[in-house]
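The structure appears below as structure tokens.
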Amino acid sequence: MTDGTRARIPRDPANDYTAEAARARRDFASEQTGAKLDHVAHFSQPIDALAGNVENFIGDAQVPIGLAGPLVVHGEHARGEFFVPLATTEGTLVASYNRGMRLLRESGGIKTTVVHENMQRSPVFTLGDALEAREFGEWVDAHFDSIRVACETTTRVGKLSRIMQFAVGPLRYLRFDYTTGDAAGQNMVGKATLAGCEWIVANHPKHPQFLLSGNIDTDKKHSAINTLLTRGKRVVAEATIPREKMRAIMGVDTHELFNHRQISMAGATLAGSANNGAHAANGLAALFIATGQDAANVAESHAAITYVQLRENGDYYWSITLPSLIVATYGGGTGLGTQRECLELMDCYGIGKAHKFAEICAAVVLAGETSLTAAIVRGDWVSSHDRLGRNRP
Amino acid sequence: MTDGTRARIPRDPANDYTAEAARARRDFASEQTGAKLDHVAHFSQPIDALAGNVENFIGDAQVPIGLAGPLVVHGEHARGEFFVPLATTEGTLVASYNRGMRLLRESGGIKTTVVHENMQRSPVFTLGDALEAREFGEWVDAHFDSIRVACETTTRVGKLSRIMQFAVGPLRYLRFDYTTGDAAGQNMVGKATLAGCEWIVANHPKHPQFLLSGNIDTDKKHSAINTLLTRGKRVVAEATIPREKMRAIMGVDTHELFNHRQISMAGATLAGSANNGAHAANGLAALFIATGQDAANVAESHAAITYVQLRENGDYYWSITLPSLIVATYGGGTGLGTQRECLELMDCYGIGKAHKFAEICAAVVLAGETSLTAAIVRGDWVSSHDRLGRNRP
Amino acid sequence: MTDGTRARIPRDPANDYTAEAARARRDFASEQTGAKLDHVAHFSQPIDALAGNVENFIGDAQVPIGLAGPLVVHGEHARGEFFVPLATTEGTLVASYNRGMRLLRESGGIKTTVVHENMQRSPVFTLGDALEAREFGEWVDAHFDSIRVACETTTRVGKLSRIMQFAVGPLRYLRFDYTTGDAAGQNMVGKATLAGCEWIVANHPKHPQFLLSGNIDTDKKHSAINTLLTRGKRVVAEATIPREKMRAIMGVDTHELFNHRQISMAGATLAGSANNGAHAANGLAALFIATGQDAANVAESHAAITYVQLRENGDYYWSITLPSLIVATYGGGTGLGTQRECLELMDCYGIGKAHKFAEICAAVVLAGETSLTAAIVRGDWVSSHDRLGRNRP
Amino acid sequence: MTDGTRARIPRDPANDYTAEAARARRDFASEQTGAKLDHVAHFSQPIDALAGNVENFIGDAQVPIGLAGPLVVHGEHARGEFFVPLATTEGTLVASYNRGMRLLRESGGIKTTVVHENMQRSPVFTLGDALEAREFGEWVDAHFDSIRVACETTTRVGKLSRIMQFAVGPLRYLRFDYTTGDAAGQNMVGKATLAGCEWIVANHPKHPQFLLSGNIDTDKKHSAINTLLTRGKRVVAEATIPREKMRAIMGVDTHELFNHRQISMAGATLAGSANNGAHAANGLAALFIATGQDAANVAESHAAITYVQLRENGDYYWSITLPSLIVATYGGGTGLGTQRECLELMDCYGIGKAHKFAEICAAVVLAGETSLTAAIVRGDWVSSHDRLGRNRP
């Protein structure tokens, strides 16, 4: 069976980012499968801007956006009221986040803080044995400045902050941690780390072999290392909710919530869950799609640690920490038509906005936590979904 | 600070799913923020079909779709050649998956199998002490048939297959496992489980308290329990790649790949990764957005276990197991304009197609694994991204 | 370098369990190394009883035993006051557990419950592909009764309760769960499962290959599967401690303890800890050594989930769940001189005592949790160790 | 129910480490329980040396020691042949480790390397919010030298090497990493860290509250953080085993072993195991008991990552990495009668020997891995246990 006998997707080697090339592929696909692609053909995004974002372009997915807010944020970078675009097809989601935003703004708003940041690529070097690998590691530490220079030749923005080391047998896994400005930076740090590794190979007396990823960077994957050591941005959202606000808006008492919390944390521990809270992924996925983030990063970004305290007066301090939130306000899909508009809606497009956007993401997550958790405790979770969800033809 | 003093998002209580209501919200948002929403306003999806999918609708996100394929699948349900729509803004992604599809079709195609399926809701009951909780558990086992009947009164499709039990102190976490037909089924099983729990409370002599989620269902969260016990569908994709095909198409030798595999598995173990392969989340997120899946389920669905063997003749057997793939071909966002078209492109829309679509998802993931892994081993990963990615204004 | 040129440890092929054989080895060791083995030579345990417990016997380690108690237990099997032998060389340990036992007996004692039990061996079968593996799994389910009969031919005590199945690629991991009476049962279930596997190979049409362990039984290893699905016994200890008792005996307020608990649980989640409590391993290791348990099982047995609630009146409900406590009161090392005496001290030696002993283990652990946790909260942890520990020559 | 009404364990306030005090407690225990403690009363260890090792001393547990070896080690610190004392009551264990030692010495011996070391105490500080906590963290970094001085006032041996930081909400977990010479050092670093924390509280403008353990040091607990960042010593043992030696001594082919390895690693990943090898805990527990280590540290020490490669000529490179091996050759139980003799047997007692002993521990573990794994692959695992184990009265 050779590939030549099969139908091949048409490409235009001269310029593949044209309406004609897209139409040719749609026609081809319809011919091969019998399916129509009318809605897919309907979009306003200029095609020629898509080089670098997609190959074999045929049209656009239309994902409905609901508006939630205002979200009141008291961050270092995000300050004030925000209206939040959430792209989703899951009924109830926007309503539920909106409800949480109301609770939190009536409680005085949400504090947000980016407490750490680094993006990484983690190559692995194979040495002759564990002793050589240890000595190699010492050599890397001693030559950090030169490696940094080599890495940073490839990027104006990325800055290498440290190289962590992890030893397994004759292997030395290195974790190159960078700050990456307003880009998510996975490609930037890949390129920079490659340059650093090539410098190492050229200069280390043993010229050891390496792989650019030893699989501890866990790109697009949840991991314990990300939760501990941060991938992207580590962001905290926190709020103190007066007991009477919780009761009035959510219909639950803060003592009930706190009792529930003990149970849900035991459950998360039992289950080995990436997140001991409720459902960070819901808000993040919706916000990511609306704003041109890489939706695959939901894998890493959905991890979270909830920490709460019940105050003596019955008020409820609620924090959520996202240890590996990966977002950008520049590059990737952020500049495309609807995506840029959605970022601009929150004044988060472009240079200098990544921290602001990260803070908004965390605030959105916290709003969603309050709403779903209260619904579970109050027991009206299913009835809400019955009312707002369930879209069956 | 009261909510009344703030600007509120307009809603039309009579019918909020109209062009006017959407425009009113866009105008409001633009007025509040100064941002334009021109692209967002451009869509072909009928608004009145969106009830049940989104609230406070303002327009659509346009996510570019690239076409990959043909993907050759020899599944139980998916059989033949498929052209796969991938919605993404990440340059290289479609090209990379396409390359993997080529390798695998030239290697004879991909076997796919749904090996297990269940969707769950996991309530938790609080008893007086651990002994009472154990006795409660025995009672639940003894009354399984009645509980099942109670659950299934709420759904024509969902079938309760078992109730697993997990004990912590005085708590009894129950895991209600269902099959859910062609829906993802989270809401369906929530409603059914609520009915089951209410039956339990009414009939058990102690009328114990419960929460509908004890946080071990880990909805929208990766977890160890999902990897072990399956959430959604457990699907395997597998292929045997001739040594010369790997060398000709990917430029790497299967022995190198196998050596790399030992290193990347050690890395995944070290990192505590949810997935010891490469990047399932990339293909899944792109496919999920294109086909109206809940993108938040990337959190669960990206988990994977890769298992390979190097044959004596140098051929490479490669399998990937997705233990918690959550997909639907009916309900949720699957019926919307572009989403339905993309499902129809693979003949995967509607009743009776969920297994077929799950098999295609796994096959896509395997294709992506081969391409990225080979690029890492060959060392041309960064240069590919440089060529195809990096879309900076 | 061949083995023949080296000194070899003497063995007596006729009967190696004699004073002479032991002495010959001690003399040999002293000659080879220059070390004296005088204390090692001092023991009261009859040598001829050691066949089946150790090979190449040279003498005994003397591990000091401290007595703690009375421990007040209200279990199903353990009822009343117990004096607990703890074999340790770590200063403070006995004193600390003793302090916790006092707190808990003054608080009315400890409830204990064995909520689940099973010991397992987990073979793995390799099939041709994932589909064959799934069909194999269905065949196993259909032939459960015959497999059980085959397994149980090898043991009077072990009873096969279920076979769980986990799929990865073409592999089918089976988890044979047994009850094993008063033995820990690892060898018993190994032998039984081998018989079951041989029956499968003989009777299944494909006669598939298997390995007796696929490494998901995680014998002598902590694992998520053990925490979820139980290995050995799942035991809960629980107590409600009046606020004033906590203050009087431990010098801390229950509100402080509860605040601390939120912090220590966040820490355990962050760290990916096998145990979100304090130090179950300390008491278990000491009790295991004293009573002839396999101390390597500390690996599995130290896992725990703490769940607490602060009552409205300030009393503190404290539970700890040990999901994989592996203990025996019969077989292994339980019948040896000091080990049997230590079991008899708690009326836990022999047939019918394993549940009782498991309950005592959990109660001991809970006592230790209260003492160490209070010391951390009160801040006198270091000073206690300074007073009681630090044994430097 | 008051404590005064119960029998209390006798103590001698003047000097509790006497034969009389021990006998008084044994008599008391026998009287209370009816059990004899004759064997327990038989020991040669001087009682007055036990202050600092145990409280309420009543006698000794006698744990049989088997001798294994010679173990051929080519480490940095351990070089040559060693005879290894293993204290255990599990039949087959000594024989199995001995078999592995033979394989490895006939294969040229075992390379061992301590690749990293640190012992830690991890306090947690509570600040007003996440921003304050971040600023606190920056302050700690800026005052590292002063904190180090404060810590090191408490110890001649311990050296603070770094303070890592982890943020959750308003909490700042600090991980004080030390080298601790030849002691395991848990108490040493606890005391030093307390001094450091007190310096911080006194000097930081906010005088923040702290707990000396925030539960991320995971003392006596397995954890992901230990596997990543090392607790105690990170030690590698490695060997290359000729194919014919494996066949001659173990009866298995290295290709079979390598195939098995893929399966057992998939199993370990599936199970969420702390160790993807076979059974490090067995050898470590036996060695720990013999040499006066804290047996509770089996919880941390049993974690391991196995990494192997099959050479082109069929030889088998086998490495195991113990990321959190906690051992001492000084302090704790190392100076007691039998314990010291067992350390001296390997020339590992006292100052300057901890690295040597750590290397021997890792070499022993590797020997045990080869033997058990080969037995699983060959299928004679159960029959060996039948022959050597099963000690039923």
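Note that the chains take the letters A, B, C and D in the order they are written out, and that residue 1 is the start of every chain.
Here, contacts are C-beta pairs under 8 Å (C-beta built on N, C-alpha and C of every residue); 3 or more make two chains touch, one makes a residue touch a chain.
What you see is a predicted model, and the numbers here were worked out from it, not measured in a lab.
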Rotation in the CA alignment of chain A with chain D, degrees, nearest 5: 180
Computed distance of Cα centres, chain C from chain A, in Å: 41
Centroid spacing, where centroids are CA-atom means, of chain C and chain D in whole angstrom: 16
Overlap residues in chain A, where contacts from two or more other chains coincide: 166, 168-169, 171, 224-225, 228, 263, 265-266, 268, 270-272, 276, 305, 307
Graph class of chain-chain contacts, one of line, ring, star, complete, other: complete
Chain B contact footprint on chain C (complex, rising order): 76, 111, 113, 115-116, 129-131, 133-134, 137, 166-171, 224-225, 228-229, 234, 236, 238, 272, 305, 307, 319-321
Residues of chain C defined as touching chain A within the complex: 224, 227-228, 259, 262-263, 265-266, 268-272, 276, 305, 307-309
